[in-house]
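Here come two complexes built around subunit A, the first alongside subunit B, the second alongside subunit C.
Now for the complex of A and B:
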């Protein structure tokens, strides 16, 4: 490999492929550890619900074939992998004969358009706030830090519940849930978009405030370390203007925060999924919530798979960006050191 | 040790967190003793608002919310503590061995750690919880603990690697300590404060993970926890029917518990890392 940066990317790619395979294997093996097997569990459940026996028979054969439970484990595994790469995620139990890929395909745009802006804007605002309060010190710092500490410790869904109750149910300022008004059909009309945005505000707000708090605390800490470092003292003694020094400090403290962004995508996921179900937002979180309640294993597996893929992709993109930005990595890659 | 305690109690954040945590702990431990009721017993009408008889009203099935809150907080603390202990133990073991041994062992252990850091833990948690049908509170703590260790392992490895270069390590090595003795007697005591802080973080993370899982419907069986209470509120639309007493108390308990732990953690951080302290 001639190009060092390509080597860096290749190394990262192989790393993520490994993580992907571990995750997919867990996704394959864990639901198969359910006592009995998932198919008989669900069919029994339906039998008590009074479904006719010939329908049960058909359901049973469909799922036995899909899961391939009559074949040896390693063949099941290869079938599973092949199906994933063909984007064939099986059939939902609860919405039989709905396809899992269609259900997820409908939910995913909602989740992405809620979470990506919430995480990114929370990250940017939080970093600015953290750096500023570290530099400013005094009253501003202690108020901002305490507020950040409070907000970052409220779990997303707790803030979501409080917002939903106070602002939507109690004072009626916002809709009480859903992604758009009941009876509307998702189209690209202005009316629909405005309606969707109106439903968007509360879920967004409850996520972004917590994210800002968490990032601000991290950034403040990094900036405090930088502010007491030798180069800052040296620069001050040289008489360099404050704004200049802050820019150095900000850039240096920022680097670890980029890794923090990658972490956010993974750690925020759980809370974000629950936030969606609090607001009945039509995303993957609400889908997962219903799937778990109905023991819909294929749908649960589909959701966990798509969450894994989304988080790994986001992390990968951030790491590549980090490689570009961090002068140390760049220097090593270009052989300057 | 005594000096550390004096220093700790000079930190306002630590005191606030500590007092708050003691309050929550005694509520969860002493409450059920003074008030031994069954949180699952239906004692009143559905969603009756707070009254003299039921301080925090009743839930969708007419069960006393205050009783649920006491037992629920106790379960959540138990799960968080179990998860914290397990995650910290695994993390410290893997991290210190990797950091001290170095070489191929370090590469392998850190490789595993990094893979599990990359995979979102909520996914593994959901899958594990589905596979385990009989989830008691302790089993849940176990499950959360074995998915939460990678961060601790990574941090402990970094600490161990830097501690390893100190002189007392070389001296101990000359006296013929084995690797295990070295780690136990010469490395771990020097990062005791650090490990304790990691445990507090894991404790609070465990409580949050319990709530997340329970709210998704994967909570402990036949037990009430703070997450389970919130799950019921979602499932039976307590929020949209305006029965605030069914969900605001667990929300406050949950937030206060994690806040108290985090506050203790930042307080300790300020004491042990003097650079964070402003003079």
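Now for the complex of A and C:
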């Protein structure tokens, strides 16, 4: 191929397709390694009414057939792959006859609107804080660095539980859980949006503080490294003012941070799992959590498929974006060396 | 011709975390004359680069200037505030070609952007196009291809990068250019090109003098006017280049010169000598003459008790050694 950039992109895409297949296969195998048969669980729940055993037997085989679990594993696997390409994610076991597609579709907006603002604001504030404290040094740096260290090392679910206990249960300042008040219907009315925002504060805080801390530490280290580099000293020796040098440093220190942002976006569905469970937030995380507990294969596969696609897309976009912001990487992409 | 830069009794120490002082530059006096190339030679760790950073005002902790003066135009520049230094001196009066020129350019920015920043910093009324035009002319005048300006640093070879940095350092026509081992990372042919560039800069009157710091004496042989020899934080001998190379006075200079190969006639029969012993630890330098523990002409009771003064032995050639006289306590 003549165009080296097109060749680079094609090469990357083929790697990502390979990675996608491996991930999708793992998504198929791993849920099936969880002990327990999902159909027996469903049938047992029905058995509580004292149904006769031959009826249960019939129920069991009907469900096995309905879900395609009576076929050998490799046929199940090929059916699974075929269905993915037809964008048919199947029917949930536990919420039968709910379609996995619809269940995820309903949960996704909640997760995205919880996570995207938290990730973005945490990233921006964290980077500014880190760069500023590296430049400023002294007392400001010690305080900011210590706080960042503390927050970034608290597991976010611990912070979530502490917030929930103190601010919601103990002092009753915020609701204990849910995405909106019980009995409300999701609409685009002002009343509903205010109510949703009120429920949003605690989960948001529990995530954003951890994000700020983590980003600030990374950015501070990178900026300190860049601030002592040869090109900074050289620019100083030619009488270039500090404000301009800070701009050089900020840009170069940002480069690794962009990867961090992309990874946060990619893993946000998985990262939401615990936060959403703690606050019983109606997002993909809560859905995945209950699905795993109930051995709901199609629902687990559906959620993990979304996560897989998100992670791979984010990584791919970062790789391409790097070429535009870092000329050294562009040189490699274009095969200049 | 006058002196562009005069160092008087400079002391610059590194302070370690344990609170110890490393006396990297101790009681150094030196002048840089207009129109000359002054070579500063010595082995690794003798304080050459530290002296360079003091002369170029690039002192960063843990290095501190303890005492002394650096005079330019009659003012002691060491007392100037940071902002005046940045506006009036750095890049304009004194400029530096750094030791690590390989990484001296911002890796994510085209060279022209940095060049524009340098020029606009000192001439704010200049437009970007004017700045670029001026840089292009300067590159052409020094026979460097102006397309370098559009390149990123990683696209240049080591020698090209070193020349580019040298040209950028002299964009503002500084009086004194301090070159700190600018050639030590280069192969011999690139070294020669960089030195030619420095000579060209002097000839075109873009710069008025060069302080060239190196551990390679043969390099100075080709273009230095005077040479100062440093040992363990002190200058031991200063004199005209020919005089230092062919008739060195100080026992250290003699050993230093006989330890390198100079491709001259008559060298074939000479033996290469290594200097016995190791350079002293500058935390606790030897008393008296700092070279006395390694000196073949060491005199007990004199060299280890008092510091030898500078004595003018030949015209313009001074040495700090008791072999040439001087009072001692």
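The rule we apply is simple: the second predicted complex is superposed on the first by the 264 of 337 C-alpha atoms of A that agree within 3 Å, B and C clash if a C-alpha of one lies under 4 Å from a C-alpha of the other, contacts with A are read in each partner's own complex, and residues count from 1 in each chain.
Going forward, a contact is a pair of C-beta atoms (placed from the backbone, for glycine too) under 8 Å apart; a residue touches a chain by one contact, two chains touch by 3 or more.
These figures come from a predicted structure and were not determined experimentally.
J.: Looking at the overlay on subunit A, is there a clash between subunit B and subunit C, or do the two fit?
T.: They fit: once the shared chain is superposed, the two partners occupy separate space.
J.: Looking at subunit A, does subunit B or subunit C touch a larger number of its residues?
T.: Touched residues of subunit A are more numerous for B.
J.: A:198 in the overlay: touching subunit B, subunit C, both, or neither? Say first, second, both or neither.
T.: Touch status of A:198: no partner.
J.: When the two structures are overlaid on chain A, which partner does A:78 contact: first (subunit B), second (subunit C), both, or neither?
T.: neither
J.: For A:325 in the superposed arrangement: first (subunit B), second (subunit C), both or neither?
T.: In the superposed model, A:325 contacts subunit C only, not subunit B.
J.: For A:252, decide between first (touching subunit B), second (touching subunit C), both and neither.
T.: Only subunit C; A:252 stays clear of subunit B.
J.: Using the touch definition from the top, say if A:140 reaches subunit B (first), subunit C (second), both or neither.
T.: The answer is neither, since A:140 touches no partner chain.
J.: Put simply, what angle do subunit B and subunit C open at subunit A, by C-alpha centres, to the nearest 10°?
T.: 70
J.: Which partner chains sit in contact with A:266 here, subunit B, subunit C, both or neither? Use first/second/both/neither.
T.: first
J.: Between subunit B and subunit C, whom does A:224 touch in the aligned arrangement: first, second, both, or neither?
T.: In the superposition, A:224 contacts subunit B only.
J.: Once both structures are overlaid on their shared chain, how near does any Cα of subunit B get to a Cα of subunit C? Whole angstrom is fine.
T.: Superposed model gives a least subunit B-subunit C C-alpha distance of 6 Å.
J.: Kindly list the residues of subunit A that each of subunit B and subunit C touches, one partner per complex.
T.: Shared contact residues on subunit A (touching subunit B in one complex, subunit C in the other): none at all.
J.: Enumerate the contact residues on subunit C facing subunit A in the complex.
T.: So the residues of subunit C in touch with subunit A come to 56-58, 60, 86-87, 89-92, 95-96, 98, 100, 102-110, 114, 117-118, 121-122, 152, 154-155, 165, 168-169, 172.
J.: Quick check on the complex: what are the subunit A residues that touch subunit B?
T.: 15-16, 18-19, 22-23, 26-27, 30-31, 33-35, 137, 149-150, 152-155, 157-158, 161-162, 164-165, 169-170, 176-177, 217, 221, 224-225, 228, 265-267, 269-271, 273-274, 277-278, 288-289, 292-293, 297, 300, 304, 307-308, 311-312, 315
J.: Which of the residues in subunit B come into contact with subunit A in the complex?
T.: Touch list, subunit B to subunit A: 114-128, 130-131, 133, 204, 208-209, 211-213, 215-218, 230, 233-235, 239-240, 242, 244, 247-248, 251, 254-255, 258-259, 262-263, 266, 275-276, 278.
J.: Taking the complex as given, what residues does subunit A use to touch subunit C?
T.: Going by the criterion above, the answer is residues 229-231, 233-241, 244, 248, 251-252, 255, 325-328, 331, 336.
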